[in-house]
Amino acid sequence: MKLGFIGLGQMGAGMAANLLKAGHQLSVYNRSPGKADALLAQGARLAATPAEASTGEAVVSMLADDEAVEAVVLGEHGVLAGLGKGALHVSCSTISVALSERLAAAHGQAGQHFVAAPVFGRPDAAAAGKLFVIAGGDEGAVAQARPILEALGQRVFVLGAAPKAANLVKLSGNFLIASVIEALGEAIALVEKGGVDVREYLEMLTSTLFSAPVYKTYGGLIAAGKFEPAGFAAPLGAKDIRLTLAAAEALRVPMPVASLLRDRFLTLLANGGERLDWSAIGGLAAKDAGG
Amino acid sequence: MKLGFIGLGQMGAGMAANLLKAGHQLSVYNRSPGKADALLAQGARLAATPAEASTGEAVVSMLADDEAVEAVVLGEHGVLAGLGKGALHVSCSTISVALSERLAAAHGQAGQHFVAAPVFGRPDAAAAGKLFVIAGGDEGAVAQARPILEALGQRVFVLGAAPKAANLVKLSGNFLIASVIEALGEAIALVEKGGVDVREYLEMLTSTLFSAPVYKTYGGLIAAGKFEPAGFAAPLGAKDIRLTLAAAEALRVPMPVASLLRDRFLTLLANGGERLDWSAIGGLAAKDAGG
Amino acid sequence: MKLGFIGLGQMGAGMAANLLKAGHQLSVYNRSPGKADALLAQGARLAATPAEASTGEAVVSMLADDEAVEAVVLGEHGVLAGLGKGALHVSCSTISVALSERLAAAHGQAGQHFVAAPVFGRPDAAAAGKLFVIAGGDEGAVAQARPILEALGQRVFVLGAAPKAANLVKLSGNFLIASVIEALGEAIALVEKGGVDVREYLEMLTSTLFSAPVYKTYGGLIAAGKFEPAGFAAPLGAKDIRLTLAAAEALRVPMPVASLLRDRFLTLLANGGERLDWSAIGGLAAKDAGG
Amino acid sequence: MKLGFIGLGQMGAGMAANLLKAGHQLSVYNRSPGKADALLAQGARLAATPAEASTGEAVVSMLADDEAVEAVVLGEHGVLAGLGKGALHVSCSTISVALSERLAAAHGQAGQHFVAAPVFGRPDAAAAGKLFVIAGGDEGAVAQARPILEALGQRVFVLGAAPKAANLVKLSGNFLIASVIEALGEAIALVEKGGVDVREYLEMLTSTLFSAPVYKTYGGLIAAGKFEPAGFAAPLGAKDIRLTLAAAEALRVPMPVASLLRDRFLTLLANGGERLDWSAIGGLAAKDAGG
C-alpha cells in the first residue's frame, strides 16, 4: 500500500520501520526533521507537511498528546486537508475520548475513514512489531486498516464500532497498570518496614499469583528505587490518568483509585519528578512511611 | 512423622488428606466432629482436644481467624499445653501479625518450636497439594517443618526468620488481590458504560499485559456479576484488610488503597453482602456509576 | 455611574436591583429577555447585546459557567467589543482560574480594566446586598470598581493583585463548604446508626464548636434528607469541584478531599441527583452504610 | 457531695478544682502522685488507690486512653471494687465505644450507676469550667450526675440513654475537627501556591462563612506552620481517629474522610511528628505540593 506515517518519536520510528519491512511505500513526516534519517535510508520518502504525508491510501499517526494530534490533523496543511475521499487515517496516539470523537466526526464529514488504534507496549516492542493493538472503527474501515495493524503488532483486538471505544480501552489499560504500581508500592512499603527482603518477596509474588509482566517490570523498578531513565515519563502517566478521569467524568463513573493516582502524580511532579519514570509514584508510599 | 492436624474446614480437610497421603501418621481435631469422618476412613485417628492432637512431633493448625487460633492454641487443653519440648507447631491460618508474635513468644517460652506457614490458594488447590506456602521461623524450625510444608504445597517460600514476617506477607498478598478486584471493578464500570463489550475487554487484558490468574478469575466474576456461592466470603476479605491495616498502623505505613478497600467492604457488608464472594466489592464501582 | 449588567438569573437579578437602588444608571442584558422586566420597571434600560450593555463606565457580569462567560465576553457583540478604553469589566461569575487569566489578558490588550469579583452568598443575600465579595485586580481597577462592589455586598475583601487570585479563593471556599457537607454526612451516618438523635446532635454541634452558618444550614438539610428544591444545584457544585481540581492540577497541589468530593458528585449525578441541592452528597455516606 | 476524682492531667486538674470550688468534698487519685499537690492545698484528700477514691457518692475519671481507663476501673483496687451499690461513676475520658459498653455492663452487674460524659474543650476551658459536656446514661444516673456535670462545663448535652452514645458523639466531634484541619490544609496549600496571602485569606474565611472557633484556631496554626508545643498531641488525634474508625466498622459505616485522616496521621507519625500538635496534619497537603 501507499502509506504515510506521522510522528517519528521513540514509538513511531519503530512502527514506521515495520511498515517499510512489510513492503509498503512510506511517506514520513516529523515536526523536527532529523528523526526521519534512518527511515529515509530504508527507502521512505520525506513529506514536507502532514497533508503531504496523507496523499496515499492511508496515513498512520503516532503523537504525544491531544495538542499534537489536533495540530497535525486539524491544523493547516494537516491530515484532514491532505487525505483523499475514501482514504484512511489510523490514529495510534493515546488521546482523549473527546478528541477521538471529534476526529471521527471530522473525517466522516470529509468522506474519509478513521480508525483509532492505540497500542500497548514500550519502544522495544514497537521496534519488534510486538505491540498489542486495540482497534476501534466501523467494520469497513477496520478491514481496510488490518494489513497496517498487523504489521505493527503481534495481535490486534477490535473492541467496538466507535473509534473512541478503543481510546477508552487504552486509557483504562494505563489506569490498570498505574493501579498495579500504586498497590505494589504500598505492599512493598509495608513488608519492607516489617523486615521482609523485598527481592525475595517479589520473586514469590511473580512466580505465584502475580505472574503477569507488569508485576515483574514495575515491582523490580520499585524495589530498586530506580526511576531513571524514564521508559514512560511521569508527565505522560499523569496525562493518561487525567484523560481517564475526564472520560470517567463524561460518563459519570466515579473511580476512587484513579483519583488517588491523580493525587500521587501531582505529588510526584510537585517534588521534582518531571524526568522520572511513571513508576516513581510507587515509591511514594514508602516515603510517606518515613523511608 | 507422627503429626496432628487441627481445623478441618474447606482448606484444612484437603491439607490433612495430603499429609496422610505423604505417609505421615495423623491425629485430627475439629471443633465440630463430623468433619473428620473422611479422614478417619483414610487412617487418621480422632483426637478429643487440641492438646491430644499435639502430642506427636508436630501439629498443623488451619483455622478461620485470630479468635479460633487463640482458643485452640492458648486455651484449655490447647496446643501449647499438649505439645512436648522441642516439638513443632505449624500455623497455616491467616492471622494478625500481633497474634503471630504472641504465639512465637508463648511457644518459645515453653521450649517448643513455631513456624508460621500461611498459604495462597483456594480449596481445590489445597486438596491437590498445589498451595503456595509462605514460611517464617528460625532456620531449625523451618527445616523441621519442611517435609510437612512440601506435602501441603507445590512450592515453599521462606521469607524472614520471624514467623510474623510470613503472616505479614500473606496479608499483603490478599491486599494485592483485593486491589486488583477494585481496580478491575473501576475499569470495567468505565468501559462498560462507554459501550465496550466486557468479555472481549477481559479477553484482551488477560491475553496481554494482565495474564496473571487473579485477573482471569476475578475479572470473570465481576463481568458476570456472579458473586454466589462465595469461594472466599466477603467477611473474610474484610477481616484480612482489617488485619493488613492493623499491621500497617503498627508499622506506621499509610496505605490509601487499603483504606479504600476497607470502605468498600463496609459498604458491601452494610448492604447485604455477608454471603457473597469478596470479589463483590468489584461490583460497587458500577453501582456508584448508576448501574 | 453609567453601568451595564449582564446575566439576570437568581443571583444577578438581585444584584442588578441593588445597583439601581444605589443610584446608578443601568443597562441590562440577559440571553432570555423576559428576565429583565422587573428591572425595567425600576428604571433599567434593555440592551440588545452584551456589547450594548458595555458602553458605560463599567459593566458587571454574573453568569453560570465558563461557557456562558466566554460567549458573552469574547463572542460576537460581546463585552470586549463594546467596552471603551479605560472602562471596566467586573466579573462576578464563579469561573475557572484559566478563563479569568484569559479575560484579564484580553481586556488588558484592549486597554480595558478587569476585576474578578466572585461572591459568597445565596440569592436572598444577593437581593439584600449582603453578599461577601472577593475582589482581585490591580489597585486602580479595584478602586474604580469599589462603589459597585460595595453596592453588591456587605463586605469586600481584596485578595491579591491578579484577578485570577479572587477566582481561586472563591473556588477554594466552595471546596471548603463541600468538605463540610461531606464530613457532616459521614458523622451523621455514624451517630445515627449508633442510635443518637440527629437533631439533638446537630443542636449540640452548632451551639458549641461548629457555630458557623454552613454547619447549621447544611446539617439541617442532611438531617432532614431534604434536598429539593435546590438552592445550589448539584451540577453546579460538581462544576466548582472540577474547577478547583483543575486549578490545583495546574498548580500541582494534590487535594485528596477534593478528589473524594469529585467522586461523590459523580455518584450523585449518576444516580438521578441532577435536580437536587449539592448538599445531597451529604446523604451518600448514610446510603453506603445501608440507610 | 462526697466525690472522688481520678486522673489529674492537664484536663483533670482543672476539672477537679472546679468540683472543689462548687463545694464538694473531694478525694483525688493520680498514678504519679505529685500532680495532686495543688488540689490538696485547696482542701482535697489524697486517695492511695482508685478504689479508695471511689468510696463516696460518685467518682469522676479523666484519663488518657482505653488502657488507662481499663486499669483504673477494672484493675486491682479499681473503681469497680471501691464503688458502693447505687453509687455513680462518671467517665469523662475519650475512650472507645466498645470499652464504654463493657464499663456500663460491669457497673450494672455490680449494682452501680454509670454515666459517660466526655467533654469538648482544651485545658484552659477545663480550668474555667467552660467545657461542653456530652452525657450518656439512663435517666436516673444522669440526674444523679447533673450537679457534677454542671460544675465541670458551661453546658451539658444529654444524647441518648446508652453511655456509649456519648462516647460515639465525642469521637465524631473530634473527627469533624480533624476534617476541618485537613480541608483547611488543602485549601491553604492551594491558595498559597496560587499567590494569595494566607492571613488575609483566613481573615476573610473566618469573618464570613466559617466563623466557628475551630476555623480560627486551626487556620491560624496551619498558616503559621506552628505545631509546637502541642495543645493536643498528634498521637492522641491518631488514637481518636482510630477509635472513630473502630466504632464505624462495628456499625458498618464507611467513612472515607476518616480513612484519609488515618493515613495523614500515620504519615505524620512516621515522619517525626510524635510531639507536634494534631493540627500538623494540616501541613501535609502543602508538603505534598512541594512546599
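When the chains are written out, they are named A, B, C and D in that same order, and each has its own residue count from 1.
Here, contacts are C-beta pairs under 8 Å (C-beta built on N, C-alpha and C of every residue); 3 or more make two chains touch, one makes a residue touch a chain.
Since the structure is predicted, the reported quantities are computational estimates derived from the model, not experimental observations.
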From subunit B, the most remote chain by mean C-alpha position: C
Interface numbering overlap (same over half, different under half) for subunit A and subunit D: same
Subunit A-subunit D separation of Cα centroids, rounded to whole Å: 53
Centre distance in Å when subunit B and subunit D are each reduced to the mean of their C-alpha atoms: 39
Subunit A, residues touching no fewer than two other chains: 248, 252-256, 260, 263, 266-267, 270, 288-290
Touch list for subunit D against partner subunit B, complex: 242, 248-249, 252-256, 259-260, 262-264, 266-267, 269-270
Residues of subunit D touching subunit A in the complex: 256, 263, 266-267, 270-272, 288-290
Subunit C - residues contacting subunit D, complex: 97, 120, 132, 134, 155, 157, 159-160, 162, 164-165, 168-169, 172-173, 175-177, 179-180, 182-184, 186-187, 189-191, 193-197, 200-201, 203-205, 207-215, 244, 247-248, 251-258, 260, 285, 288-290
